[in-house]
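Next, two complexes with chain A in common: one pairs it with chain B, the other with chain C.
Up next is the complex of A and B:
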């Protein structure tokens, strides 16, 4: 069932050393540009970019699940909501800032991911997709009925600064950027770590992984835990960057949109790819804000286009390659 | 003693109508679930656009019969909507077909894309408002043994029994049905024997679209028609399919009826506000206790 949705890392071609080097430099340059950006753009763009970073983290969460687990979730809005509401509720009840809320959100996200993956640990991909869909549909009910804690329909405000004395809009931007960079760094480390390789092996060759002592169940549950933890971080960051949490931000549609973002970024786990996914989720609604109903149409078309391109482009490329060789 | 008898009596008086109406709505969940399962059985794809397409078709019936798009008689409107749903199923299968043979997970994601487009089209054409769609069902009600039976109930029961009967007849006795069963059992062997996988897949997609439209139209009188209601109705269909093991047609029929009854009992005795959460619990519980469906013998897990 969990055949390759994507290839897990292409081998570097020998003839493209410059491309490898450019790739090494691209991320630090991108980070430097993003650090300087708030001084070059207006305030509303700072806000949008902060939200965009938070969405990028959510896209990463879905991509991790696809890459390492070979599974699809359309319920990641649940884990994002866990993160967002833990930050908001901690601020309201205890008066602590994001510095405390973020680790709590991460921990709660991981725990809820593991709790949720456990019942479906022996089931193949589509069952996870169906049960995450139910999770996403159940979420607004839970939030609205726990209104004593969550503020119901109206939601809660998140306004406590992390560092006092710095403008709030800059804090929102930089907090989101720091979390995003930290998550992509951690994911890059995971890719080369022993645990990351084990997880990838358990996905592509379960029997071999079993022989090396990695059980498929363990791999499944831990991938879900990692992914849900990242989703919770994204929710927490989103709450801080957009200064508010409400149930309308965590519906089935927002979970599906996260998947769209992940597909559009080709399930990439690097910073530029994540930014593409996040920008798609944040900027498209802003550009189309006058005609909201076009957003799902555009997202759906983009999803289909990317998937079909991913299917046909290698074939067309192979055909061109063969033809070019035939001529010469 | 009399107190106990009275409480038992009142519980029974509550229970009977609850179970009866649960069976009625359960038949509709089963119609939705049958479509999902037919597509999954033949092409191993979970069609997440099912609810959106069915909802869109219900809106088309409204648009064609109310004068918003056209002013047609009710039967013609339904016929046109069914044709539209089949056309959508056709197009979406044509888009997804190359992916089906490569990775079923990618194909499943692609159905979400189709669902998004159809949902957007519904919003663009009909807006986000609630509309009222009246079905020409016979309006009468009779009380039998303290049970209130309405014309709507009998219509639903009749339509569901006829539709499901025709479906099972086609699958059991016609050549197409034999091909469908062969492909669901072993697609590779069926292809070696000369069956055309794509045409059978297409058959499953079109039948599923028709079942979805019938289910969506009949569920509308119990709720109302808006761009989101039919999508939530599909959660019940998914739960029914999971309860039935997701690969068994009779299983999903039983699953649908069970979900209908459970939902009614839950909303009456516990809380009407947590129905989706309840369904989530049912799905998780069913996946743990009967990974192969309520009708299957308890055996190995499905990995």
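Up next is the complex of A and C:
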């Protein structure tokens, strides 16, 4: 029995060898292209791409929650705002740059994620999603009421350079790119770590995870902490990349679009997948901006197209592969 | 004293759901170095007793102690931390993890790399991961599953998935091993492999309990057998004694007198 399985497993693995190798090279090549891109495109695209990278991190935050927690959030704009305002307020009050703001944002994001996850640890599915929505709904009011710190409706500017002597537009682009690459790298490591394995088992078989010493509450709180920390990083990066923070950037709609980006990227945690999700938040609206009133319709069509392609292309590819093998 | 120290004991365990009494004041003793069988018809309460031992259910009455220490207030995860490990009747492998990674989870309580090791390329995390990988591979090889290590559970037939689950349970060298129908869904060759593996596993310190319907397996590996029916023990003893017990024969084969 074991022989037959192993033998049927082996050709499949060698057959996908080239794909595996292509996969190994895809990410470094993509990073190299992104590093060179500012020298090939105009300034406004550099700006847009920086914002796109920041949004890609936000998409990753939602995807982590789906992948490792099996939960959906429509309130991640809250955690993004925690990160964004950490950076902005630190710059205004203490005059420190993103280098200090980013770790603070991460820490506050993780703490706020845990603070939210602990009372909601017994909620799941639609109930958890709706309770995250409460966060997103409450947020603009909180920001407006704390206007002494947050600048209220008008928001705050983020303009302190990370390194002196380099143009701000390049800094905005590269800082966002570095954070995005670092987050995808850390997530790739998490997947193979002891904690990552335990979280994945806790998602698919909570009772089995219990039997191997992984408490469900620990798993839920950890996943929300990680996810919120990444969301805070995305907010912090967004604040720096777009040079401003205001309540209008962190509404229920922004949270929903983070979820849309996550769905479009099929909850992928790799750099290319995150970029697809981020592009749907940033680049697609920009590309469609000439279409005026048709924007929502075209956006919807683009969404459908990506989801249907993502769903059917692998199946069609598999069919072609089988047919090709059958002929040879 | 030493033998007594590592015994898993239950005194007067009773469990009911609503008005239905599932376990009626059971006294059990699972000794280290022995393989104890737990048999009985469907619905006799075998899995319920397992769930009480692992903490998934809280029995309404009675006490459970391991090595003289009461387990009553401990969560399933805390009991797992004491080395009390179980397998499940239905296969509970994570479909997103490879066979090797699923087995590595069974080792995780022995390792202590923290969150920083999880996210950053630190030497300690890498060392632990390699150690876990090697131990898991060795355990898979023991049951003849080394070639399946890189496959996903969904690519294996059900029998092999069950073996993988048992490897995951035994890889961390538990002090108490509770196996819930380990041979369900296995073919004859796999059952033979399993029987051999379970025999090899028995050490003087290990408490092993097997719930099983495969009588050949139970009779060949168990030192002692408890027979459970309607939440009560109807017999307990060596395989030979249990096999000849008239009450057990009646339960399993039916009787003309009924």
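In this section, the second predicted complex is superposed on the first by the 273 of 328 C-alpha atoms of A that agree within 3 Å, B and C clash if a C-alpha of one lies under 4 Å from a C-alpha of the other, contacts with A are read in each partner's own complex, and residues count from 1 in each chain.
Convention: contacts are C-beta pairs under 8 Å (C-beta built on N, C-alpha and C of every residue); 3 or more make two chains touch, one makes a residue touch a chain.
Since the structure is predicted, the reported quantities are computational estimates derived from the model, not experimental observations.
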Partner chain in contact with A:114 - chain B first, chain C second, else both or neither: neither
First (chain B), second (chain C), both or neither touched by A:31: neither
Which of chain B and chain C A:141 touches, first, second, both or neither: first
Dominant contact partner of chain A by residue count, chain C or chain B: B
Partner chain in contact with A:197 - chain B first, chain C second, else both or neither: second
Which of chain B and chain C A:130 touches, first, second, both or neither: first
Partner chain in contact with A:104 - chain B first, chain C second, else both or neither: neither
Contacts on chain A seen with chain B and repeated with chain C across the two complexes: 1-2, 5
Chain A residues touching chain C - in the complex, by the definition given at the top: 1-2, 5-6, 9, 13, 186, 189-190, 192-198, 200-201, 203-205, 207-208, 210-215, 218
Sites on chain C touched by chain A in the complex: 54, 56, 75-77, 80-81, 85-86, 88, 92-97, 101-102, 104-106, 108-109, 111, 113, 115, 117-121, 125, 128-129, 132, 144-145, 147-148, 150-151, 155-157, 159-160, 168, 172, 187, 189-190
Touch list for chain B against partner chain A, complex: 40, 44, 46, 48, 95, 98-99, 102-106, 108-110, 112-121, 123-124, 128, 231-232, 235, 238-239, 241-242, 246, 273-277, 279-280, 283-285, 287-288, 291, 301-303
Touching residues (chain side chain A, partner chain B) in the complex: 1-5, 70-72, 74, 119-120, 122-127, 129-131, 133-135, 137-138, 141-142, 144-145, 216, 252, 256, 259-260, 263, 292-304, 307-308, 310-312
